[in-house]
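The following block contains the structure, expressed as structure tokens.
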């Protein structure tokens, strides 16, 4: 699939492009949105979901970006690692924090497999 | 493998059990450690790594637990979800925060696949 | 590993190359087969399995290619995404269908994690 | 997290429960929705996305359910396998089709790893 | 799907059941085969592939079982962990070896994510 | 993140670099370690874990490298596939063994999904 040129997009897609730019205070949308514009319904659902969940809520915005990076590393999504690491930095993440994040993600992937391998039963006091 | 009974453990393993209990201010270690005690070298490396990385650092301890939960959900590790959700709650996570965390993790897993499917090239300004 | 040059392949491997070309009505086999030819037994098992399962059966051939693409996106296999998307197009898939497929795959990856995170018990009426 | 009792849900959540029941012509929503109701924003986004993408479009509804099952098997999501296999059957899937689907999913997971292991370069004619 | 009762299986399936029992010198096939018998073509391909690849070859049989367990832990397949750990033990694996295997698998899952996170470029001398 | 130049590294990091070179009898460390040096604590834990677990133990060193490659293929970690395949070759792995390894890994990924799809219950005699 080719990315959708914002100048040639349908009115529906153009409106989403504009909302992304306004909400994020940027002059141009990322490549992700130009490709996703090939499926306008999914583009709209994805944008509405991210706008809502990644916006003001119970967790601070930086924590949410770090979580996003953690999942993207685990799934090996290079684009998502790049875009959400950039977003985390824009929200104040330092090099030291990002390095520590990588360490936590790596350890979690390690102990996930140890727990599986030993089929560790959940302790009574950990059940919720 | 059967869990190692702390009372019958080797001196090396007993010392790690004691360090876990002292460090975490708990009376008993979780099942995870009793199973991992079957491989004392790996038990020691895992404990030393977690003690160091999950301890004081650049990210606050709650953020690190939330990241741990996020990875564990992505990998579908039931034991790890239970133990690190409990740890997150002990460090102050509210229901609202945990629910929002689940939403972020789910969205990241979704956009990871959209990025892969469209083979979205990394934007110049996102490269680091 | 280097790809196996069809002209220099063993008689066993050459016969499989020929069967692939005849069955698929193509003049040359894809790179996948040239690499897999390094392990002739596995090449034969893989070809026999695919020839049988991806051939006439209970599901129509296009549906099977779309399923193949869906799994390949989920596992982030770039080669497989490319080859099976091409196969799906050759069997009639339109751009609109491929875009919708991407959306379904992304949503499934999302709700898979929500189900895991909430440890949703299977409803009685869904058990089979 | 506990499931949300539809009788005690907020007006916003109740409205979504009703829309699910009306759209799907069922008397009760599945457990998935009762748990997801703990995060009303995500519940709404998920429902709106699924209602739209899994509804009428370019691919027939049964194909979309089969794709959903394929992703859920690959990710090992037991709940999602159960609910979308039931949905596929309700849309006409036969035992023979479901067995064949499992075979396709298994083969895709196999050839995904062979392609990765051999680092097979994408053929020129497969690039899009 | 229900498992296929060997006594009521088709002649084709019965013959595969018999070949499994003869080859493995067992009196009954594992549940895996009884379920897979629902799709006789895939059952045959799977059996022929395993019989060939897991049989005599370049790697010793125990190594191949340990590799099988390693993949199954990484993918969190409980059935496969159980059946291939049993096979590894039958081929001589000791508790100490299995515990060490778990440690290697866990570390590989850890460094896989560190390599991804840092996007480490492959060293010239490691390219093949 | 940029790799850490060994000449400009801190004394702590330099000492780890030296230990890696001495232990592995190499003149330069791989890129992996230069990047991981950005997080000295994690670098130290990772090196100590690998030095211990991948060193003399219950499994022979080649088997452990093959297991490492198997996990890395399953997770699609290109760097790890390259570095551990090179390590396996240095420890004596032949082309025939590596090709057979790839076949085993692929089959395990296939039967993992068949077991999941059919929800095969663990046989009594396989429980441990």
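Just so it is clear, A, B, C, D, E and F label the chains in written order, and each chain counts residues from 1 on its own.
Rule of thumb we're sticking to: contacts are C-beta pairs under 8 Å (C-beta built on N, C-alpha and C of every residue); 3 or more make two chains touch, one makes a residue touch a chain.
Since we're looking at a predicted model, the values are computed, not measured.
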Problem - Intersection of the contact lists for chain C and chain D - result: A, B, E, F
Exercise for the section: Could you pull out the chain whose C-alpha mean position is farthest off from that of chain C? Expected result: B
Exercise for the section: Go through E-F and D-F and name the pair with more C-beta contacts between its chains. Expected result: E-F
Problem - Copies chain C and chain F touch via same or different residues, half shared test - result: different
Problem - Distance-maximising chain from chain F - centres being C-alpha averages - result: D
Problem - Whole-Å gap separating chain A and chain E, where each centre is the average of the chain's CA atoms - result: 35
Handout entry: Gap in Å, rounded to a whole number, between the CA centres of chain E and chain B
Key = 28
Problem - Geometric centre distance via CA averages, chain F-chain B, whole Å - result: 21
Practice task
At least two other chains touched by the same residue of chain C: list those residues.
Solution key: 1, 38, 41-42, 46, 49, 53, 74-78, 99-100, 102-103, 105-107, 109-112, 114, 116, 118, 128
Exercise for the section: Just say which it is for the chain contacts: an open line, a closed ring, a star, complete, or other. Expected result: complete
Exercise for the section: Spell out the part of chain A that touches chain F in their complex, as residue ranges. Expected result: 76, 95, 98-100, 102-103, 106
Handout entry: Touching residues (chain side chain E, partner chain D) in the complex
Key = 1, 38-39, 41-42, 46, 75-77
Exercise for the section: Show which residues of chain E lie in contact with chain A when the two form their complex. Expected result: 73-74, 76, 78, 81, 102, 105-107, 109-114, 116-119
Practice task
Show which residues of chain B lie in contact with chain F when the two form their complex.
Solution key: 1, 41-42, 45, 48-49, 52-53, 128
Fill in the blank from the handout: Contacts from chain F onto chain E in the complex sit at residues 1, 30-32, 35-36, 38, 42, 46, 49-50, 53-54, 57-59, 63-64, 66-68, 70-72, 74-75, 77-80, 82-86, 94, 96-97, 99-101, 103-105, 107-112, 114-116, 118, 120-123, 125-128
